[in-house]
Each structure stands twice: as C-alpha cells, then as structure tokens.
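As written, the chains take the letters A, B, C, D and E, and residue 1 is the first residue of each chain.
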Amino acid sequence: MNSTVVSYFSQSNEFQNVTNWLTQILGFNASSLVAFIIFAVFSLIIVGAMATIGGLGTYAERKISADLQARIGPNRVGPFGILQFLADGVKMILKEDIVTTNADRFTFNLAPVLCLVGVFATLAVVPYSSGFMLADLNVGIFYLVGMASLVGVGVFLGGYASNSKWSMLGGMRGASQIISYEIPATLSIIAIVLLAGGLSMKTLIDGQGGAPQDWYIFHNPFAFMGFFVYFISALAETNRAPFDLPEAESELVSGYHTEYTGMKFGLFALAEYIEVFVVCGVAVALFLGGYKVPFDLGSGQILVEKLGLDGMLAQNIGQFLELGSFFTKTLLLYYVVIWVRWTLPRLRVDQLMTLCWKYLTPIALVNLIGCAVWMYAFNGKSIFALIFHAAGSAGGH
Amino acid sequence: MISLSSYLFISLVLFLCGIFVMVARKNIIAILLGIELILNASALNFAAYTKFLNNNLEGHIMSLFIIVIAAAEAAVGLGIVIRFFQLRESIHIDDASTLQN
Amino acid sequence: MSTLNLDVYMPIVILIALALLVAGGSLFLGSLIRPQHPNKLKETAYECGEEPVGSAWANFNVRFYVVALIFIIFDVESALMFPVAAVFKKFNEIGLGGTLLMSILTFVSVLVAGIVYCWKKGDLDWVKSFNQTNQPTIAKKD
Amino acid sequence: MFANTLFLASACLTIGGAIAVVYSKNLMHACIYLLASLFGVAGLYTCIGADFLAATQLVVYAGGVVILMLFAIMLTGGTSNKVNRFGLEKIPAMGNKKTFFIASFAAVVSAMIIVKILIPVLKQNPSSALSPNEPTVERLGTLLATDHILAFEISSVLLLGALVGAAVISRPRKEIHD
Amino acid sequence: MDYTLTTVAPIVLLPFFAFVINAFIVKRFTKLAVGISCAAIFGSFLYSLKIFIDFLSVYSTNYYIHKVFTWFDLSAGEHLFKVNMGIYIDNMTAVMLLMVTGAATLIHVFSTWYMHDDPRFGRFFVYLSLFTSAMLGLVLSDNLLSVFIFWELMGFCSYSLIGFYYEKEGAGNASMKAFMTTRVGDVFFLLGILAIWSVVGSTTFVDMYAALAAGKLNGIMILGIPLATFAGFSVFMGTMGKSAQVPLQVWLPDAMWGPTPCSALIHAATMVAAGVYLSLRMYPIMEAGHLTTFIAYIGAITAFGAATVALVQTDIKAVLAYSTISQLGYMVIGIGVGSYNASFMHLITHAVFKACLFLSAGSVIHSIHCQEMPQMGGLRKKLPYTFFAMLLCCFAIAGVPFFSGFVSKDRILGDALVMATENKAFIGVAILGFGGALLTAFYMFRMLFLTFFGEPRDHHIYDHAHEEHIGWNSNVPLLILSLFTLGLFYSGSFTGQGEVNLFGSKYEWFQTLIKKPEVSTVAQFTDYQREDLGMTDTRDKVALTKAAYDSTYGLSEEKAHHIHVVHRIGAVLSIFIAFLGIFLAYSMYVKKTLNPGWWTNKFAAWTRALKNKYYFDDLYVGKIIQKGLLPFNDLLSRFDMGFYDKYGVDGWATVNRWAYSVSRWFDNNIVDSGMVDGTGASVRLMNVVLRTIQSGRVQLYFIVLIVVLASYVLTLRF
C-alpha cells in the first residue's frame, strides 16, 4: 500500500491523530478500521462518479450523435437536456420487470449483476492520480484483465438465460467476440509491461513522463502500433460500434438483452458505459502517460520551490492537476469512442473474426517481439531519447 | 485463522466435492467440472504448503503449471466431448464405453 | 494478522459489495414502486411477434468452440508471459536480456506455429469457403 | 481482522460453491457455482500472498475455462432434456439416487485415505509463523526465466499440442456414412 | 590456442548441422545441399588444420587438452553415478582429425563428380555428412561411452551407405551383413565398457589409465578371467568387427556394393580406422591383459590371408577391399608387437593412399561402367591422371622406398622382426608379415597392370571410355591425395633437427610426437579437475629436447644396437620383397614370361578356396546359422510348444475350465439359475463376467481405483 488513498492520507498528521484516538477508544489497532472507512468513502465517491459518467455517457452519446447527424438531440430535461440521464434512470426503475416463462430465472437475474461486478471490481486499480488510487496491486493490470473477462460470462449468461433465439445468438456472439479480442489487447499490454518492467499501475505510469515524448505510445514504433491494436480491441471488447454485433439491432433485435427490461437492462447499460471509461483509462495509463503532468507538477515540488506554498497544499494541488490530466485524456478517448460509433459502419461477423485473428493478433505478436527486441537492442531507450542523444552528440562537443 | 490446517481442510472439501461430482454425475461435462475442482484443490495445496513451510515460490510455480495444464486439459477434454456428441448425439458417460465406433 | 498486508485488497471487496448493493438495491427499490402486471403474452420470448418455436437452447455451431479454444490457449500463454515480461527490464539491465529474449522468442514462436496451423487449416475462417464441403451435418439434422 | 474476513468469505464462497456444484440439478447452474468456487479459491490465494496466482486464477478460469465450458454446454444442446434419434436420453440427468449413493461411498473412502495421510503431517505441527506477504510477480518471473525455464518452454509445446489436438478433434467434419 | 568444449565442438557440429539442414532441404534444393555438405566439411578441415598447427607449435608429447562436463548426475549420497562427457585432444587426435577431415573433404569433392547423375545425389551427401561427423565425434571423445555412441552412429551410416542402391538385392544384403557382423563385435565392446565401468567407475581414457597405474584392476576376475584381459579382449572384439579382422572380416568385401566414394570413406578415413584407433587408445589395457601375442597373430593371419584372397580377385574394388583388410592386419600386427606409433602411422598413410586408390578405381569405373579387370587394359592413355595417381599409390602400398607405405609398414615389420628375435612366439608373425608384404606388392601391381597396361581386351568398353566427362573435381582430389603418398610428409622433421633418413630418424615428427600411453606416467592425468562446467585445462608443456627424448625412450646401448641392426635387416628385406613382388607381377602380366594360368592349375584347390574367400561366408551361413542357430531356434520353439503351451497355457486353461464349471454350478444352483441358462459354453460365461468388469464405464474404474488405493493406504502404518 504505497500509493493508495490511505497511504496518501496517512502522510498528514491528522490521520495519525485520528487513528491513535480511535485506537485508544476502541482498545485495538484501528488503522485497519480507518483504512476501511476511507476506502469505503472513496469507493462510494468513485462509484458515484462513475455512475454519473456512465449516465452522462448516454447523454453525450445522444448529443454527439445528434451533432454528427445535424440534429439537436435531447434538450428538454434541464439545461441543454443535461439531466436527461436522470430521467432515464428513473424511467428504468419504474419500468415493469418481465421475466419470460421459459427463462432460467436464476441465471437471468445473475447475468447483469455479474457484468456489473466485473466492471466495478476493475475500478479499484484504475489510476486516477498518484495519490488517488484505490488499490495499487502488484498484479494490477493482470487483475484488470481477469476481472474484465467476467463481463464475457455475464453477456453469455444473459443471452442464455433469456431462452430467446435472438438473445442466444447475441450472447454467443458477444462472448466469443469479447474473448477473441481479449487476446490482442492482452498481448499489447504485455508489450507495455515489457517496457515498464512491472505489472502494477504505478510502475507502468512511472515509466512515463508528463510530456508526450515520454509516453509509451511514442517509445518505439511497435508501441505506437500497439496503442491502436489495444484501442481497437478495447472497442470490440466493450461491444462498441463498429463491433456491436451482439446487439446489432438490424439483425438481432437487441442482442443478448432483448428480453431484459427495466433496471436489469439499465445495469447492463451502466456496466457497458463504465467499462468504456475503464478501458479508455487503461489506454491512457498504459500509452498516454496516465495521470502524469508535465514539469513534475504532480508531486508539487515545483510549487513549493517557486511559489513557496505549504508542502501538503502543493501536493494537493498536484493531485488535482493529475486528476485533471487523467480525466481529460480519458474523456478525450471516450469522445473518440462515441465518434467512431457514429462514423463507421458495423462489421460483419466473419469480418470481425478475420480482423481479430488474422490482423490484430499477428500484429500484436509482432509488436510484442518488436518491443522485446527494441528493449534489448537499445537498452530500453525510447526513440526520442535516441534522437536527442544523437542530436546532442552531433551538435555539441 | 489463516493456517495450514484450514487450507488443507478447504482443499480436502474441494477434493471430495470433485470426487463426488466425478462419480455421481452421468454427464461428461459435469464430470469435467469435478476434475476442475480436484485440480484446484491440488493447486491450492501447493500454494498453501509453500507459504506455510518454506516460502520459496516453488509451490507457486507448481500451481501455475497446474492451472496451465488444467486449461489445456479442459480444452482437449471438451473437444473430445463435442466430437463425441457429434457422433453419438449424447454426452452420457455410459455411452462412451467402447473404444471403437 | 497485520503482517499479511491484506489491506490493499479492501477496496476490491468493497467495490464488489457495492456492485451487489447497487444491483440489488435498485432492483429492490424498483420492485416497490414499479408496476407488476404479467400476462402470458408478455412473458413469451420475442420472436418477431410469432409464437416461439421450440427452445432456444439448441446446438450451436462448433466454430464458436474453436474460437474459444484458441482463446484459452493464448490466455494461458499470456498468464505465463506476464511475469517473464515483468522481469525483462531487470534482466536487460543486468545484461541477461539476450537469453531472456531468446526464451521469449522460443515460447512465442511455438505458439505462432499453432496459430499458423489453425490458419492454414481454416479454423480461423468464420465462413468456410464454398468448395469445402465439411460443414457439420449431424448437428443440423434435427 | 480484514484478513480473517477475507479468508472466511473466500472459504465460504469456495466450499459453498463446491457443494452447490455437487447438489445442483442444472448443468448450467453447476457451471456458475463452479465459477463462484473458483473465485473463492482466488480469494484464498490472495490471503496467503499469492497475488499473481489469484490473478491467474481469475484470468484463466473465470475468463477462459468457464467460458469454454459454457460454450461446450451450448454446443452439446444446452441443458434441455431431449431424446435423440437413437432413443437415448440425449442430455443425461445429473445423476440419480444410486449414483449419489455410490459417490458418497467413494467420497467417504477417499476422505479416509486423505485423513489417514494428513494426520501425521498435521501432528508434526509445522511452524505457523506467518511471513509477511511480499510481491510475487518479480520472483515468479525470475524463477520462470531461470530455474524453470525448461518447464516454461515446454509448456508452450504442451499448449501447442492442446491447440492442435483440440482443433483437430472438434473440427466440423462430414460424417462418412449415413 | 585456448580450446574449450564450445570452440572445439564446431568440428563435429558443422557436418552434423549440414546433415540436419540437408535432411530437410535435400529434396528440393539438391545443389544447395551438396554445397552445404562440402562447405561444412571443408570448414571442419580448416579448423582441424588450425588445431594441428597449434599442436605442432607446442611440439610436446605430453601436451593435451581435456575438457569435461557432467552429462548427468544421478548420485545419491554415497552412491555415485555420474556420467561425464568431454573431449580429449592430444597429438594423435590432432593428426587423426586432420586425416579424417582432409580425406573426407577430398572424397566429398570427388563425390560431386562421381554421383552427380545419380537420382539420389543429394541424399548421398546427407549420409556422408552424418558419417563424417560421427567419425569426428569418435575421434574427439574422451571416454568409451561417447565412443560407443558415435561408433553405433557410424554403424548406422555404413548400413545406409552400403545399401545406398537399395534396389539391388546384393546391396541390401551387403548392408545387412555389414550391420550384423559389426554388431557381433559391438556386443563385446559394450561388455568391455561395462566391465571397465564396473571397476573404474568411469569410462574416461585417462581415468582408465590411472586406475591401471594404481593397480585397481589387479586381481579382479570376471568369469574367471582377469579383468584387464576380459576388457581388452572385449574391446578388441569391437575392433575386429569394425576393422574387419579375422574372423569378422566378411562384411568388408561386400561393402563395395555401396557407391565407390563411400567405399573410400569407409575403407580409408572413417569406419575401419575407428577400430584401430580405439585399439590404440585402449593399448594399455590390452598390454596389461597379456593380449599382445593374440592380437599380433590375429593381425598376421588377417594380413596374409586377405592378401592371398586378393590374388585371385578380378573385380577391381574387391582387390582393393582385400588389400584394405590386409593393411588393417598390418596395423593390428603393429599393435600386437608394440610398435605403437608405426601402427598409428600406418593408419594415417594407409588412409591416404587407400582413399586415393578407391577414388582412382571410382574414376575408372565411372569412365568405363565396368569393374571387371579382365575387360580393362590399356587405359593408361585414356586416363592419364588416374593412372599417375594410382601408380604412386601402388608404390606406396607395395612398400617402395621414399613412399609413405614403406615408411610405416617397414617399421611395423621391423618391430615384428625384433620381437621375433626376442620371443620365439612371434616368429610366425614376422613370417606371415613379410609374406603378406610380398603378396601385397604382387597383387597391387597385378591390378595396375591389368587395368592400365597391355592391349585393351574389350574394345567396346575401351572405345566408350569418356575421359572428356572427367572434370577438375575428379582429378584434383586424386592428385592431391597421390602427392601425399610421398614418404617425406611422414618421416620428415618439423623442427629442423636431423636429416631425412631412408630408414627414418629419431627426429621425425611422427616418432617424436606420438607416444605410447604408458601407464606409469599417465598417473599424472588424474589431477585434472572437474568443475561444474569442466572448463579446466591442465596443460603440461615439456619442450622436447634430444636428452628428454632419449630419457623417455631410454634403452640400453646394446639393445638399441640390436634393434638398429634388426631394423636395418628388416628394411633391406622388405625392399627386396617389394621389388620382387613388382617384378613377378610385371613378368606375369606385362612381359607374360610367366603364365598365371599355370599357377592356378597347379594349385587348383587353393585357387578355389581363395575364390571362395576361404569359405568364410559358407561357413557362417551354412554352418553357424543353418546348423547352429536354426536348430537352437527349433529347440526353443519346441520348448515353447511342448512345455509352455502344453503345461503352462493349456494347464492354466484346464484350471480355468475347472473354475468355470465350479462357478457355473454355483451360479446355476445358488445365485441365479435363470441368468446362466442361456449361456452354454463356459468360455462365454467368462466373457460375460469379464465384460461386466471391462465395461468401459470410467466411473466404475475410478471407484475401483479408489477402493484399491484405500485398501493399500489404510493398511500402512505411519
């Protein structure tokens, strides 16, 4: 626990005081309890934020699509229709919950919960800022891959449990699509792990810098390709267009959630939108420098030196800058995802599989090998470092 | 509470459930579920022993390879089941009692 | 027990609990206020307005399985690759990068051989070419 | 405190899942219970500091094996009971009283074996002083890249064999006669 | 000059990799495969040359390189079981490497011409590469175990090469014969290895010498035979098989079924040389086992007998094959009479001139598509280069002064003569040796005269002899090899001391560099270290001065004088004999003053015996296999039928039948009479019972497994 929320707070004196006080009152070491409380509070905050982002995602999607199609989009509820998602949520809760007669009730109820659990559990390792991370696991990125694969089980079970042919087809397609595209995504991640030399999110981000030339995407040509492979695979993994085969409304009605109504459908949708955010966040963390801010503003050192601010305050400011950095990049990617959805036509199922197995996976393998060879050949230096080094040695001395 | 004996107990229960499933079920896929349980029990044992006895990570390596082998076994086993189903339209274990045909 | 340093896993448990809570809570909340008027027609599965014919739990095409199969092999491969990849940088710094690179290359190339095999044999093709008449026949019989 | 909670929860999930697998009458449900049990095992791994193993358990089992099993269930006709063209029960029942009786006999006998073997081991009372959990990924990677390099490489051959073998077996094929 | 395992390994691995690569690409890229093979062996040759030059620059009898690594280690506590592998290079190895790679390179080059229109052109080179690499591995080995591995590998390769034209029945039979005959020797060889291992605990040569020096082998008996005798004899049996000594010589003449270049390789550089090489390495054991007389007589009988058989052969390759056996006999005589370095020298010189002879014969055969000498004649004008090369080689093999054969063979014969003067038992050896030398000169020149001189006896063949198809890659190897038949290369001195002497000198490099491994002095070898990777190098440089040489070979004054005198007599005698043989051949086949037909008529029975190769094949096939092995086989089968089947199987059946009837009665009357009613025969009843057990129900098996395991475990006491 070196870079989680709790460790960030434990730097301040008040935290120690509160802990000691509680220890005296309760008669046992309360640090765990305090940690639990902090974690619980921040988990709630994050879940709330994510629910909002997911909700706003639906709003943004409709608004952006309207822009792209020269329409106005939602504009009734609240200013510019921004409260539309709340209205949607209320509607979801109020809708009747229908379970078809032939459905497998247990599985039918379980499927959306599984999706939601899988997505929420991944939130724990998303690095929002250097101090604002719920859990900095040693196996962070690997854990994320594992938890995200629960969504595939959820989708499949959702399709299965409905006992409807559309759902079943959608569920089968969705599961096989999710698992297929997990491969190029994982291989791209391994390439970055090779560069960074660790699995924890902190290690992955610390290898990069604030300025773009220090990001892993520009580390070498293979990582550059790897970013696109990862991004395409992430799109497919979250069943986003142009890979929304499982819910292709023109052929499968609504895919695996055809039979779902009300809040259960809402849970699927929420899980999907949060997952999009998570995969964008992972792309940012792995390739685009994560929460890093240029000039080392994140640690606040420069503020202390130049402006003479108090250490803790400077650190807090740095944290907010980092949060801003991370969310800006992530939301930009989020925008790209929506943009892509309304720009590109949907793939056919055979094209989908061909793209995954015959293009992305071989490219990802080449990237992996290429990154390893690059690391070995240039001793881990990025292409910019090499260029600067060459330019420096050519120009000076 | 976290002790070797508790881990051994859990893996014993897993193992017995696996045995039970393997013997009681007549569905080949269900039997494969039982095999997965047994493999998990053994992998858990390895990890527990390496933690409580010597703390070098050899047991983890062993567990890792058990997981690898379990995955390979599941892939091949289910492939056989599917082939068998294509031939016989059955996945009853007692139908799979001849070596030929 | 404090030596076990398990507190890092706290947020994961909390988040999973929260997910269950959110799902259960919203469903429970909805059940209090939402209407409940089931009828037989409403509870039939959607099949373009027709009466559903048979169960949806029928046999599916085996190519789904082949995809899942290749997936699981690569999944396991990545599980083995992750720790090795994580130490690659360290090994490279102490001058053992070459040997590790060779072992990674060997490992990957063997798997590449597998995927090339599947590619050549057409297991990666979703739609089989037409002159190939090895479509499953039994599975479609009933 | 939290460690105990995590351990208890994981253990309950594991054992409960396993027992549910035993008593489930529906194959699909049994598969889901298996998933729960495997999750519990992952939790148990984390309790003894095997974080990488836990993540591997999640990736390989939750993401891989369970999906594969679900697919296989669907490919063999789901869980509905039907009679095939030979008049046989197409999707066999999950067992009956007789098989359960035999199975409990087998379980009891194997429990006797294991307890017989385990008791002397537990009597020796191995040191229960717990060492603090340390990150395992790097050590595992070093072990895999040095001491167990052969196993590492050979496992790729195993996986290759599994891939080719299973692909050949399950490849759609035209039936020769009939 | 700092050789390690990895730096020496390319000598073996280059041809081996050529083999591996070619095995895959040979079908499609034949030319490339051939190129790879030739390049690989040439690379090995260059490397061997470097090693040889390095050894010459040290110029010490005691300098050697020995590297070991642990192959596997199964030691458990006290019980040591550790197998080391390694390389051992001393002067002998260096010379041997140079000879093998050099001859093999030239044979490869020659083969590109000889085999180029063969449908299996490429595959031939695949075998050649493996064959050469096996031989090189054998030469480099430091222990008997790896020698045995490479030895068997060579056996396999010779099998493939002799049976290369497997469409011909003769070739298939010949390959089988070669394989089986050498196998007889190999079994003994393996026994010898095991015997040595059981006592020494290692199969390394140096360990063996050390154990011998320490007297560990004294007093240990195997089957009532002293260990050294047993081991030495067993290993020598291996040599007899591989180097075609009486009575296991029968395979070598048939080996000419293979393509001629492969015969050249087998007869000269690799296979037969391996046997003698092994015997030289194992010399201390054989000496300690008092086997020298036996070995000398085996050699003498082989040398003389094969020479006599060669007299009547009409096939040009058969003559050469018998001359090989005969010359190998001389090498073995050399081992037997203690003429260690002369024997080794003869191995080298013989390899060179025999390779040249076979290649020349190949050139002739390929030009006229015929191997029968009576149909040749007068080819001197058609094939001038071949004739020149063959002439030099015949001089060499006949023992004409200034040629290599004289230098080495004369020394062996001289030593045999010395031994004969000292020990009456060796008189026979000397007589047979000199007689063989006479016959050698005779039959070699008979072959030469029949082939190249006189009038063409078959004009059809003569007119179609097409020299124009002969390219550089056939003539150059011949000429290079024939150049090296000059004695100068072997009896010269590399240090500049002393003169080149007709009878050899003390300073000639062979004499000074190759030293008999003496068990008293090799004890120093034991101090080499075995570290983890075994990359230790204990080198012991002793600059060889004249004084050092004299002290090493210290002999008393009068004895030295005696030896000198006897050697001089032997030399004169052998020169006389060589010229006598040549003169006889000349007068018989060129001048025709003597009629060979008269001789064959006079000694008709002998001629028949010779034509039939002393009836060895008939003996083996007719007597030993037909009369010996087959009746034994019959006996065994009768035992099988009469005893096992009658009492064992049938008796058991009776018991079973009784059990069936009991159980039937039991079932019928007590258990369930209705069930058994339908089943009449007891066999069918048993079927039913068995089928219920073997139901194919995996779960049932599993339960049985658990129950059995439980019944085992629960009875254990912990």
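Here is the rule we use: a contact is a pair of C-beta atoms (placed from the backbone, for glycine too) under 8 Å apart; a residue touches a chain by one contact, two chains touch by 3 or more.
It should be emphasised that the depicted structure is a prediction, and the values quoted were computed from it without experimental measurement.
Here the chain-to-chain distance from subunit A to subunit C, counted in touching steps, is 1.
The chains in contact with subunit C as well as with subunit E are B, D.
Across the assembly, the mean Cα position most removed from that of subunit B is the one of E.
A comparison of the A-D and B-E interfaces places the larger number of contacting C-beta pairs at A-D. Comparing mean CA positions across the assembly, the chain most remote from subunit C is E. The distance from the centre of subunit B to the centre of subunit D, each centre being the mean of the chain's C-alpha atoms, comes to 5 Å. In whole angstrom, the spacing between the mean C-alpha positions of subunit D and subunit E is 59.
One simple way to say how far apart two chains are is to compare their mean CA positions; for subunit A and subunit E this gives 72 Å. Note on chain placement: the centre of subunit C and the centre of subunit D lie 16 Å apart, centres being C-alpha means. Residues of subunit D in contact with two or more other chains: 1-4, 47, 49, 52, 56-57, 59-60, 63-65, 67-68, 71-72, 74-78, 84-85, 99, 102, 106, 110, 130-131, 136-138, 140, 144, 155, 159, 162-163, 166-167, 170, 172-173, 175. Contact with two or more other chains is made by residues 699, 702-703, 706 of subunit E.
Residue positions 1, 4-5, 7, 9-10, 55, 57, 60, 62, 64-65, 68-73, 75-76, 78-80, 82, 85-87, 90, 108, 115, 136, 138-139 of subunit C are each in touch with at least two other chains.
By the document's touch criterion, interfaces exist between A-C, A-D, B-C, B-D, B-E, C-D, D-E.
Here subunit B touches subunit C in the complex through residues 1-2, 64, 67-68, 71-72, 74-75, 78-79, 82, 86-87, 89, going by the rule given at the top. The residues of subunit E lying in touch with subunit D in their complex are 699, 702-703, 706-707, 709-710, 713-714, 716, 718.
Per the touch definition, subunit E reaches subunit B in the complex via residues 695-699, 702-703, 706.
Listed in rising order, the residues of subunit D touching subunit E in the complex are 99, 102, 105-106, 109-110, 112-113, 116-117, 119-120. Put simply, subunit B touches subunit E in their complex at residues 19, 22-23, 31, 93-94, 96-99.
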